[in-house]
Structures are given as C-alpha cells and as structure tokens.
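The next block holds one structure in the form of structure tokens; read it before the comments.
When the chains are written out, they are named A, B, C, D and E in that same order, and each has its own residue count from 1.
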Amino acid sequence: MFKTYILILQRDLTLALRHKTEVLTTIFFFIIVISLFPLGVGIDKELLQKIAPGVAWIAALLASMLALERLFSSDYEDGTLEQMLLSPQPLFVIVLAKVSAHWLLTGLPLVLISPLVGLQYHLDFDRVIMMMLALLIGTPILSLLGAIGAALTLGLRGGGVLISLLLLPLYIPVLIYGAGVVVDSALFNNNTETYLSLLMGFLILSLVLSPWATAAALRIASE
Amino acid sequence: MTLQAHQLSCIQGDRILFEELDFSVKAGELLLIEGQNGCGKTTLLKTLATIRQIDAGKILWNNQSITKLSDDYRDQLTWLGHLNGIKLDLTAAENLKISCTLNGLSVSDLAVMEALEEMGLYGYEDLPVRVLSQGQKRRTALAYLLLSQTLIWILDEPFVALDVKAVKLLQKVITKHVEQGGIVILTTHQEVGLDTGRIQRLRLTR
Amino acid sequence: MRINWFKYAAPANFYPIAGALAPWFIALAGVLAIIGLYWGFFQTPDILTDQKQYYRIIFVHVASAWMGMWLYAMLVLWALIGIIFNTRLSYMFAAAIAPTGAMFTFLSLWTGAFWGEPSWGTWWDWDPRMTSMLILLFLYIGYMALQSAIDDPRRSDKASSVLAMVGLVMVPVIYWSVNCPNPAECAALHQSSSMEQIDPNIRNAMFIMVASFWIYSFGVIMLRIRNIILEREKQTRWVQELKECQ
Amino acid sequence: MFKTYILILQRDLTLALRHKTEVLTTIFFFIIVISLFPLGVGIDKELLQKIAPGVAWIAALLASMLALERLFSSDYEDGTLEQMLLSPQPLFVIVLAKVSAHWLLTGLPLVLISPLVGLQYHLDFDRVIMMMLALLIGTPILSLLGAIGAALTLGLRGGGVLISLLLLPLYIPVLIYGAGVVVDSALFNNNTETYLSLLMGFLILSLVLSPWATAAALRIASE
Amino acid sequence: MTLQAHQLSCIQGDRILFEELDFSVKAGELLLIEGQNGCGKTTLLKTLATIRQIDAGKILWNNQSITKLSDDYRDQLTWLGHLNGIKLDLTAAENLKISCTLNGLSVSDLAVMEALEEMGLYGYEDLPVRVLSQGQKRRTALAYLLLSQTLIWILDEPFVALDVKAVKLLQKVITKHVEQGGIVILTTHQEVGLDTGRIQRLRLTR
C-alpha cells in the first residue's frame, strides 16, 4: 500500500518535472494575479494592506484550482485511470498519492512564494509569517477538496469552469479563516491561535473524508 | 475456474445491443467475440471487466456474482482497451514498470527491458512514448501481457496498429496463456489464426 | 391495512399517483397563498411604522428563505437514501427538488433586496444571513450544473448525490464560518431568531404562507418527477402504452 | 468566405449550446469570484466601492481566460484542426469565427451580468453604465488576444496555466483603462471619453492583428 | 498530374527514418506504403500532406514544389489520419456537413444522408458521435470520401477498426477513385486486396 503511494507520487512528480513549465506557471499565475490588483484597484498603501490577505488567498485558491482540472483528466484520457481502477490497490491510496503530488506541485510553491505578497502590499514581517503559516495549513485543504471536484467533473466538457463552480463555495471557510488569521494578527487580538486551530480542524476533516469521496466519485465517473 | 454470463443484456441510450446472452468460458479457453461495427463488442468487454455496470442479467466467476466479488475478481483481470493506458510523457520502460507495480508485481529492471525487447522496442525504451509511432505505442501497452500474472485477459482489438511481425508475436503470447490454463476474451476484425484448439466463437448480431 | 411502500418506489407505480396528486397540491397551495397574502396584507397591524408598509414583504421573504433551506435538507436526505438503497426514485426526488429549492432561495434574496432598498437604502449588504443564503444558491446551482453536465442519468444521479453528501458535511462549516468570521467574538455574540417576539397575528399569516409554499413544492416536485420518469423510461413498455404518449 | 464564417460560428455555438452548462458556468464563475472578495477582504462599504472596478475586471479576465483553453484544443485533439488547416478556406476567417463564438459565449454574458457587481459593491447607476460600456468594448479584446495565447500553447501539457502566463501581461492595458473608466466616472474628471476611445483603439488594433497572429500560431502548432 | 518525391528524407529527433527517397505517383495510380511499425509511414504521409515540414529533399506536384504551391496544392488534398477529425459532440450528419462546407463543397442534406447510409450509419445519423462505436466513428470520418471531390487522397491506415463489410466498401470506394483518375496514397498493415491494376508498392526499411 505504501509502495503504491510512493509509486504514484513519484510518477506524478516525474511527469510534472518533465514539463517544468507546469509547476512554474502555477507560481507565475499567483504572482501575476497579485500584481494585477494594484493596477486595477489603485496603489493606495493602506488600501493595499487591507486587501492583501484576501487577495493572496483568492489568488492561491484560483491557482490551485487551475491545476486541478488535469489532476485526473489526463489519466482518464489515456486510459491509465481505467488501469488504476482495475488494479488491486485500494483506490483511496492512489487518490491520496495524486493529491499529495498536486499539493507538492502547487500548494507548497505558493507557500514559499507568498512573502512576495508581503513586499508588494507593504505587510510587516509578523503578518507575512502568519500568512505563510495559514497557507501551509490551508492549501492542502484546497487540494483535498479540489480532488473531489476534479473527480466529479471528469470527462465532462467545460470541466474546467464547472470545477470552479462546484469548488469555490466549498473553499469559503478556508478563505475566511485563512484571511482572518492575517487580519487578526495585525489587530493584535491574539485570536490567531483559534484561527489556526480551526484551519487545522478543517484539514483533518478533509484529510479523513476527501479521499473516500474522491474514490467514490472516480468509480462513478468511469462507469 | 469459469466465467459465466447468464441472461446478460446491454443497453446503451435507448438501444438494446444484445439481450439474454449466455456463455461460459473455462480456464484454458479462448473466447473470440465477433460481430459488425457497433454490435456491442466493446460494451460487452467493458461489462465483463467491471468498467461498465451490468444492465440486466448476471456475470458469475466461479459461480459467484462479480459485482459481489468486486476486488477479488478485479485482481484476476488484465484489461486492454482501445486506449493504451500508458502515459505519453513517460518512457516505455517507466510505463511498464508502473503497470507492474500497480498490479502488485515486483519486477526487476532487467525483466522490464527484456519484455520491451521481446516486443521489438529495443532502442526505444528511453524515448517518451509520445514520439513513438502508433504501432510502437500499442506494443508498449501489450508488453505488460508478457509480465502479467493474472488469469483472465480481456483484450479489445489488440491487433490494431500492429505490423505483421507483431501480430504473430501477440498470437503466440495469447496462445501460450491459454495453453497454460488462462482465459482470454478478445475481439478483432482481422482474421487471426490463433492455433490453439480451444477457441469458442461468440457472434453478436443485431 | 398494510401498505407496501416499496411498491410505490417503482417509477411505473409512482407516475400515476404523482399525476393524480399534483394538481390538488398546486390548487391547495394557490388557495392558501391567497389566504395568507390577504391576511398578511390587510389583516395585520401597521405596527412597524418606521418601516412603513414594506415589512409586509416578510410574508414572502421569510417563508421562501425557510423553504430554500429546508428543501436543501430534503435534497440531501433523498440523495442519501438513493446512495444507501440505490432506488432510482430517490435520485429523481433529489433532482426534482433542486430547481424549486433554488427558486425559493433566489426569491428570498430578491424580495430581501426589494425590502432592503426602501428600509436600509441598499439593495445588498454583506450581512451573514444574506451571504449564507447566497452561498446556498451557489450550492444549488453547482448541484444542477453537475447534473445537467452529465448525459448518462445513472452517472449524473450518483455523481450529484456525492456532491450533495459533500455539501452535507460542508454546509454547516460554511454557514458557521460566514456567521462567525471572527470565531472569538462569535462565541459571545449569539444571534437568535426573532420569531418569538413577533406579533402572533403576523406569525400566523406567515405560517399560512409557509404551508402554501410547502404544498406548492410538493406539487411542482411531483410534476417534475413525472417528466424525469418519462424522459428516462421512454423505451420501456409501460411508458409507450401511456395515453399521453400516443 | 462569409459562408465559412457563419458555418464555423454556428458550429461552435451549437457545440456550446449542446452543453448549456458551459455557458452558464462562465457566468457563475464570474459571480462567485466577485462574491468571494468581500468574504476575504472585508465588507466595509467604502472599501468595496473602491475595489469594485478592479475586482470586476479581474474576474472578467479570469472567466474569459478559463474558457479560452478549449478554444482550439478540442479541435486539435480530435483532428478537426488538421482538417481546417488543410481546407481551402482562409484560416483567419476560421479564427475570427471561433473568436466571435467565444466572445458571444463568454464576453457578452459578462457584460449583461455586470450590473450585479454594482449591487454587491454599492456602485451608483452611472458607474454601472460605465462599467458595462467598458466591458462591452474590452471583452472582445480579451477574446482576440486570448486566441493568440490559446493557439501558441496548443497541445502543450499544462496549457491552461501557460495561457494565463502568456496572456495576463497582455491584458494589463485593458485592465488599467477598463477599470480606469469606472473609477474616473466616479471622480467626475470627465476623462471617461479618453479612456473609452483608448479601449476602442485597442479593440481595432487587436481586431486587425490578432486573427493573423493566431492563424500563424496555429500553423506552427500543428507542424 | 504527378506527385513526385525527390531525395526526400525524414528525421525525427535524432533518428533518420528514411533518406533520399524517390517516387512518383501519376493520376490513376495508388501508392501503397508498407513497412514495420515505426519505420516512418505516418511521418511520410504527414509530410506529403504538408502537415509536417520537409526535412530534406523536395516534393513536387506537377513539377512545382508543394511548399511554393501552398494553398493551391492543399486544395487538391483530402487527408485522413489516425485521428478521425470529427467532433464527438456533434452528430454524424452535422460533422459530415461541416467537413463538406469547410472544403468548399455545397451539399444537400439528402446527399449527406445518402453518404452516411452508404457507410452503414443509417439510424445513427442523429446521435452524437461520442456514443458511437470505434468503427462507427471511423465510418463517419470515411463518409466524407464519398462526397469529396479532390484529386489526391492521403489515408493513414484507413481500414483500422472497420469490420469486414466496411473494409470491402472502402476498397471499392478507393478503387473507384483511382480508376476515375484520382491519386490515392495509403498505408495499412492488413492484407487488403485492392483489385485495381495500378498499385505501386513502396517499402520503407530501416
């Protein structure tokens, strides 16, 4: 079981690294969305500080979602998904491996690049740290929930936009608390711990439930 | 070791492809499914491979329903459809290795290389499958049959895109599997001389 | 007398029953709506003078908001039953509820906006209650979009039910996060429904409206299920023998 | 030539309408993205008014971009693109028809739905009209420029993300002037006409150049 | 009316598929390209159809380079590759209609229906092609040949996925085109008896 996990993880990472652009483009998408805002909204320093956490989270959310579309669909199109479904390995392990790969390729880079937001939006050091922490806990949730959406829309025309329709409402709690951490840390309310433990709770919830739901959705999609 | 269909029907959309089909294949037998384009061969194979749901009737493996057996039945299966089930961005060797591990086989790199060489892919193992020719892609997918240890092979038009030499080779592989007590269920439109005595032919008619 | 309920779970048996009941439901709903609206508009006191007469939107507004939420619960329930017992009719129920639920949710937002304009001076605000209602609308739309994007009814039934299941887990989380964007403050500041303090006269009118909406929903859902049944079973013999299909 | 234009336009519209969800999802994507911002950024009325034009444009930009990915790729995958390239019809007409279909299916609905932004972000009537006007001129530019990006990334893995990388910088002028119109109309600077005529200029420029560039990119991609 | 190749070479990656190939096909001739999997047949056809660039050498149509002729040459071509070139979400009839108009043919609905019926798709014209079987999809793509009015047909393994009856039909269509003075260039791994006298065989060897 663990061997399968490693195998699939390795496979997906190899595939992604064979096309390095794919990893880089997620990062650049994030950077570009973040850089566009001041152009559309104006460069008032206070305004930027206020909207920074929200913008960062929405950019992260969209970036993570964009890469989701290919999570299963490339396997579906070339028939490897059929093979996985027929393999004697438990499906949720395969799902978990694919989700892990997705997070390593999109979530983690976003966490690492996020200090840039701090620079562009005049955030201080503490808030940047908080934002990184929140993203570190929050982005895996995005990947986990996202996998359900990707599996449900598998093979449907216009899947890309449909995914976002299904997922964005589900992402709301992560968005609210993820952005809340950063705002709160600026107000010195010291509720940051509450926020972070809430996010942690979501993470555990989705870690437990999402692979099963995704596996079920995959079986349904391939029938 | 028998795979049986009892009163099996398949419906696609509002078209009944076949109704109340009965057949049984025993270990050491080959079932060749024949019929015109669109008569439901692929649909039947997918149903047998549990990729598609059963519309009506039953499929039994050793007298137990395959829907109940579920994973226990799937463990015995090797499926090869119209799609090759390989990743275009990986090399032939990587693809084969992954298929094996997914199916719980531990194979050495040497065994992988040998299988590919036997399939005539010597010198092409390290190219991404994307650049290979149509026939070479098919060969990559078929190479797994050389290593597979399952009992039941379900192959949908396996000879498509293969050249004469590869067709012969595949015939040999299939014959050997049947003679060693395996079950092979396949469709094809080409006349292929499978020289094993135990061929059953099933003709689907509309 | 014992009724074999499972007999009516077969679409062929349910179809005529639904056809017989639906018109009655809709007629009854119409009558109740007229009574409720008459009572609400003409028999209630003009107590909330600072809000002038606008408050009478409440009879539609609150009733439809409740329907939106209740119907989502019904939808999830039927999806759950469908997944557990694998009965086709339950999936059809879930599918038939969604448009009505979405309609009521939208209606509550719409009437709310018309209420907000004169009394708050704005069509829309980001009040948690409104926001969560908006998100509920998105959930309905997501459910319907997924359903209509899949051509094979068997797959679309199951896939959208999985989505409803996910919704079952996520809706409380979403609802709570919207209502308590700041978890620490939220614990102290508990918002409660104001229904208890309301004039019994107003409350009764509202209950009649709610009853009317419920019955209307039943009627419309039955009609919609009939359509779904016809659509899906058009190749079966009993449908082809139906009078209305010949 | 005109017949080909109509044929392809009709074909793409038929294809899209066969899956109505696809059209609707673009609209809902726009609505949802717009509704997410206040959740992440805060619901202060003045703040919302300030960021509204920027948010609307960025949402429009992303919505239009998401649908772009399938503009040529579905034709590429099933081989119909090869057939179009070999057909005796001039390629730029085919491109123009496909772009028109894309705009009718994504751009136009966004224009029509945009008053909703006004409601949600407390904009007054004049600004809503300005926004609609700006979107009406601006969204065709997004489709036209987008086609170049879609053609260039054809058949590349991770095309979706790559497109955004190529396109977002090109979209910047549209974003700046598009959002500028609305902001300006609020300040009573009366530069709105300048902004609108600038957008108009872009539109004509891209209408002239983009079909050719796209056609060239398609030829390159298919070789 | 001659299509000629002069010292044509094709290189894929760092592999030389063939070098200094010479052949010429005249109107009323059929060129059958043979060779093992991966010898470069598809690559050669794509080069002839201008879908791929020429690596070295020349291809001449009536003694003029096809790169120069460009659209004038393309107007004479009908290409059918491994991919069917049809939209899965449209019906067979819609697909055929679009192919015709794209190629500048005005055809009536009746002609479209007749072509589909001849291809054995009667009763399937109004289903989205997605739900058709592999062979039926191929037939939809091939139906265009019945209406096409171009001179040069370039067909990459046209017989794949077809059943015996459809193969016979296609053979007839090809033979007729050749006998009417057309040019057909095709590859296939199946033994197909094309009973026209003017077959040229070109064997690519590695």
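Here, contacts are C-beta pairs under 8 Å (C-beta built on N, C-alpha and C of every residue); 3 or more make two chains touch, one makes a residue touch a chain.
The structure presented is a predicted model; accordingly, all values stated were derived computationally and were not measured.
> Touching subunit A and subunit E alike: which chains?
Chains in contact with subunit A as well as subunit E: B, D.
> Ranking chain pairs by how many C-beta pairs touch, which one is first?
Chains A-D share more contact pairs than any other pair.
> Would you identify the chain whose Cα-based centre sits farthest away from the centre of subunit D?
That would be chain B.
> If you take the mean of the Cα atoms for each chain, which one ends up farthest from subunit C?
Of all the other chains, the one whose centre lies farthest from subunit C is E.
> Cα centroid separation between subunit C and subunit D, in whole Å?
35
> In angstrom, rounded to a whole number, how far apart do the mean CA points of subunit B and subunit C lie?
A distance of 49 Å separates the two centres.
> Rounded to a whole Å, what is the gap between the Cα centroids of subunit C and subunit E?
It comes to 57 Å between the two C-alpha centres.
> Hunt down the residues of subunit B that sit against at least two other chains at once, touch-wise.
In subunit B, the residues touching two or more other chains are 53, 82, 89.
> Could you list which residues of subunit D touch at least two other chains?
Those would be 19, 21, 25, 28, 32, 39, 74, 157.
> Which positions in subunit C are in touch with at least two other chains?
Subunit C, residues with two or more chain partners: 138, 141, 145, 149, 154, 178, 181.
> All pairs of touching chains?
A-B, A-C, A-D, B-C, B-E, C-D, D-E
> What part of subunit B is in contact with subunit E in the complex they form?
Going through subunit B, the ones touching subunit E are 12-13, 35-38, 40-42, 82, 120, 124, 127, 131-136, 138-139, 157, 160-167, 189-190.
> Can you list the residues on subunit B that touch subunit C in the complex?
Going through subunit B, the ones touching subunit C are 11, 14, 53.
> In the complex of these two chains, what residues of subunit E are touching subunit D?
Of all residues in subunit E, those touching subunit D are 49-53, 71, 74-75, 77, 79, 81, 83-90, 94, 98-99, 101-104, 128.
> Which bits of subunit D are touching subunit A when the two form their complex?
Within the complex, subunit D touches subunit A at residues 19, 21-22, 25-26, 28-29, 32-33, 36-37, 39-42, 47, 50-51, 53-55, 57-58, 61-63, 66-67, 69-70, 74, 156-158, 160-162, 164-165, 168-169, 172, 175-176, 179, 183.
> If you look only at subunit C, which of its residues touch subunit B in the complex?
154, 234-235
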